[in-house]
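Chain naming follows the written order as A, B, C and D, and within any one chain the residues start at number 1.
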Amino acid sequence: MENKNRNKITINIGPVHPSTHGVLKFVVEIDQDTIKKVEPEIGFVHRGVEKMAEMKYFNSFMPIADKLDYISALNWEVLYATTVENALGITVPPRAIYIRTLMCEMQRMMSHLLFLAHMGEDLGNTTLFMWGFRERELLMDLTEEVSGGRLAPMYVSIGGLYYDLPEGFSERLLSTLNIIESKVKNEYKALSYENGLFKMRMVGVGVISKEQIVKYGITGPNIRASGVKRDIRKDDPYLAYDKVDFDVMTETAGDCYARFMVRVNEILESIKIIRQIIKDIPSGEVKVKVPWIFKIPPKYTFVRQETPRGEAAMYMVTNGDQKPYRLKIRAPSFYTIQAVKELFVGSKVADLVAILGSLDPVPGEIDR
Amino acid sequence: MIYDFFYDFLAAHFSPLLSTIGSWLIVFIIGGLITLNVPIFLGWVDRKLSGRIQARYGPVYTGPFGLLQNVADVIKLMGKRFLTNQVIDPLIYNIVPIAIALLGFFMVFIIPWGNANLVLLYVPFNLLFIYIALAVSPLLVLLAGWGENNKYAMLGGFRGAAQITTYELSLLIVFISVALLSGSYDITTIAAAQSSVWYVLYLPITLVVFGISSLAVIERGPFDIPEATQELQAGWKIEYSGIRYGLFFIAEYVRLLVISMLIVYLFFGGGNGLFLPNYLWFWIKTSIVTIFMMSLRWVFNRPRIDQLINIGFNWLLPLAVVNLLIVGAVMFF
Amino acid sequence: MESSDTIKGRFPTLLSDVVSTNRNETIILLSDKTKLKTIVSEIKNHFDILFMLMVVDRPPKVFEMNYIFTSYSKNDILTLRVDIEHDDPSVDSISNLLGSADWEEREAYDMFGIDFKGHKDLRRVLLPEDWPGRPLRKDFEVTDEVRNWTGLDLKF
Amino acid sequence: MTEEIGANDFSYPGLGEMIFMKSENFIQSVMNWGRSRSLWPLTFGTKCCAMEMIPFGATKIDADRTGTLFVGDSPRQADLVLCSGTISKKMARRLLNAYEQMASPKYVIAVGACNISGGLFHDSYNSIEGIDRIMPVDVYIPGCPPRPEMFMDAVLVLQKLIKENKIKRYQDGIFGHNKG
């Protein structure tokens, strides 16, 4: 018994690994197949976004805000635009607010569909992966139709939107929503959340307790899966979320399966929101005229919103210059990924993949 | 028996020694060609099938219907430079892919191809020989994981050894129950014994046990845990590049085909059927079974290794044993 | 904002009010950085998590530390602002009180070189350990030399 | 002067040399055909472009049509680096490592503005301004991020380059990779 470490192996998972969702690295100490210790390592796509914000005009930062979380780019565009608008003290026309809400929800659906697809891929089911992308492509095409871009739309401008919605967009969107709703309710059900093998891998794995949530400051769907009913959209409404009727989806178990189901339900809930918005979208302008280069007086501006990954926030310090003095970005995944130190311990190597996938981290926003 | 056919043909013209050598040579060449072509063709079927399931096309541009796609893959793999880390065990590292490919060749050699006469070399008890060829693989997997000197490979090797060892037990018991029912370890005799009733009606549970165990033994389908791409990148194959990696495809697809043929022989009456000739029936059944076994990979996710071993020891093995006991009791009384 | 009033009521000499323009936000200013842990352990009774930690470099005098606290049950946001000297950038770590401060403090150490006393694992988090410079300080210039460096000589 | 000895002599290829040359050309073209038709990528995705690389392999574009099979395995089995996304200074060493672990012949596609010139993050302190500073690149895909169709286009261009033996690194020798 003097050589206790004889069975321990240290393996590096990442940064280039099929299932780390980008470039994350975990130094994992395993005993046989059980994980004993995890040390996450981040920063592989650190681009110095906060420094670049200090170097750029307010408007010029928008494409970079796009690429913070490249899976839900529009949410971050809206967040950044709202921050600057609040600092400037301008109000956005109601039509623009409604369209922003609509686009945010579309982006949320795309992000969650990508999550479902990746969950399938992580567990070795390539078909779920492909099908998830098939449905995501439909929404991608609509985003492209609206904005001209697929992943980085650059649709939201400071003061509103760059363009109005195209002709006949709402009909196409509604028919797409019907397709996605039926696919999620039927095909995905058979392949994933009612499938025995799928449940075997997901149920009871990687349970996040309420203490861990508070300890690491996790937000978003991950805590709603643990029974914490917290959603900025409902609790502290922004955009047009106080004018639509929707439920905050919660589960109680807190395991991978609950996190999967929260996202599935949120897709259906987003469909509900979009249908309401299309019904009572007001007409009018979509943009207030804001000059390209402007100055903001010394001010502290704080805005938080709910992105598909949790509560994102921007704290902007201005000093009367044409550029922000400091822009601090709160990326929800940055806090979520800290929790793996506890979540992975005691599970198998195969569970690492499932748990990490169900947390839905995005290295782009973790590293900024 | 193709060997005997060629021997008789050659013996009419040449001396016995020469015709022995000659017919061995011919049989080896035929077997080698089949071994090489099975993965090329089945790999194409696999890629097309996965494409169709996943709402894509699969290979299209290389050759008609993409048929030459895997030929291109083989040519590319042959043209790759040999590259590995510096601390491998060269003997073990190099022997494993060759041994695995040779086992595939061995199975091609002794399995009847739809007819008692269409076998390259007749050996008695060929069911047992095929079992041996399937069951020796945990050793090779473990050796590969060791010889590559890579932690991922070693984890994959351990996983593979555990998984295959678990499932080849139930596989053996399935073979024994079928042999008990038919009174023979010869594949064609077993098939011929089902001329009136297929064994799938007697032993439906055994068929399920066989299907799951065989997929686990050949590391195919949802049970590709030792080489799980998303967890271990390529598991015990991780350090192999070039044609050494290509040799694993031979093993994968030949064993898949052999498993499908065994299902037809043991449970679906081999070539027995109405109206159509024997070999046609056999190949129709084999195609259906092969495509079914292939498509399992694309609709299920893979379980965890401990779950798989639990299922193997707690469910499949007892089921197989109970089935064996029932068959034995029925045959005895 | 009863909770922030309670906190201010407990430490009337240390804390002073700053007007905030943001919705739901209360900003309180802490005059003595050595009392940070005391204040934070009081804040912890009212707020759940450290939402974010913003460091503002205001040369030549101070680093302005903004600790933003929120909770899961209410919408209130509390910003605790404390200035630390530019020459001696050190402050008590609160990572053993609030777990989410762990990486935030490492990031502040990474980007500004602020020394968090009592942090059990104060390493760089985003940049490699041997990366030269503290990039988010105002005196850090993105020169051609920095941009052209490929980083191939970095240790792992 | 030594190399000019015999310059004026009458010389012609012998029969063996002709057979050898012909067969060399033939083998080379067959190898190049096989290589061009079977480009298994190492999906080195770090950022946004990686999110467009996945649709390239998924249903709508379907990389498998051209034989670009996403085996997703280790670098040992890959032929093509699809380097998509910003490469930071911390990542550069790892990218080079992955490239060095691949068996020759190996090809590189630099995806997106960040990998061509630094793109949006060209003035950042922590990004590499184009990966051709650290490794050879065969095909560049512009865009920020490029559409999935452009990945397909790049693969087709690379196939053409390989088929016509235009990759300079691998032009010599009977198997065409003496320099790799």
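Just so it is clear, a contact is a pair of C-beta atoms (placed from the backbone, for glycine too) under 8 Å apart; a residue touches a chain by one contact, two chains touch by 3 or more.
Since the model is a prediction, treat every value here as computed from it, not as a measurement.
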A-B or C-D, whichever has more C-beta pairs in contact: A-B
Whole-Å gap separating chain B and chain C, where each centre is the average of the chain's CA atoms: 61
Inter-centroid spacing, chain B versus chain A (mean Cα positions, whole Å): 44
Chain centre separation in whole Å, for chain D relative to chain C (CA means): 46
Centre distance in Å when chain B and chain D are each reduced to the mean of their C-alpha atoms: 35
Sites on chain C at which at least two other chains make contact: 127-128, 135, 140, 142
Touching two or more other chains - residues of chain B: 54-56, 152, 229-230, 233
In chain D, residues with contacts to at least two other chains: 58-59, 72, 88, 90, 123-126
Pairs of chains satisfying the touch condition: A-B, A-C, A-D, B-D, C-D
Residues of chain A touching chain C in the complex: 42-43, 46, 48, 50-51, 55, 86, 213-217, 223, 228, 230, 235-236, 299-304, 311, 313, 315, 317, 325-326, 328, 330, 334-335, 338, 367-368
Complex contacts: residues of chain D adjacent to chain A: 42-48, 50-52, 54-55, 58-60, 72, 85-86, 88, 90-91, 94, 98, 120-121, 123-127, 144-145, 147
Contacting residues of chain D [partner chain C, same complex]: 88-90, 92-93, 96, 118, 122-126, 128-129, 133-134
Chain B to chain A touching residues, read off their complex: 50, 53-56, 151-152, 154-155, 158-159, 222, 224-225, 228-233, 298-307
Chain C residues touching chain A - in the complex, by the definition given at the top: 20-25, 27, 48-52, 54, 56-57, 66, 68, 70, 72-73, 75, 77, 79, 98-100, 102-103, 111, 124-128, 135-136, 140, 142
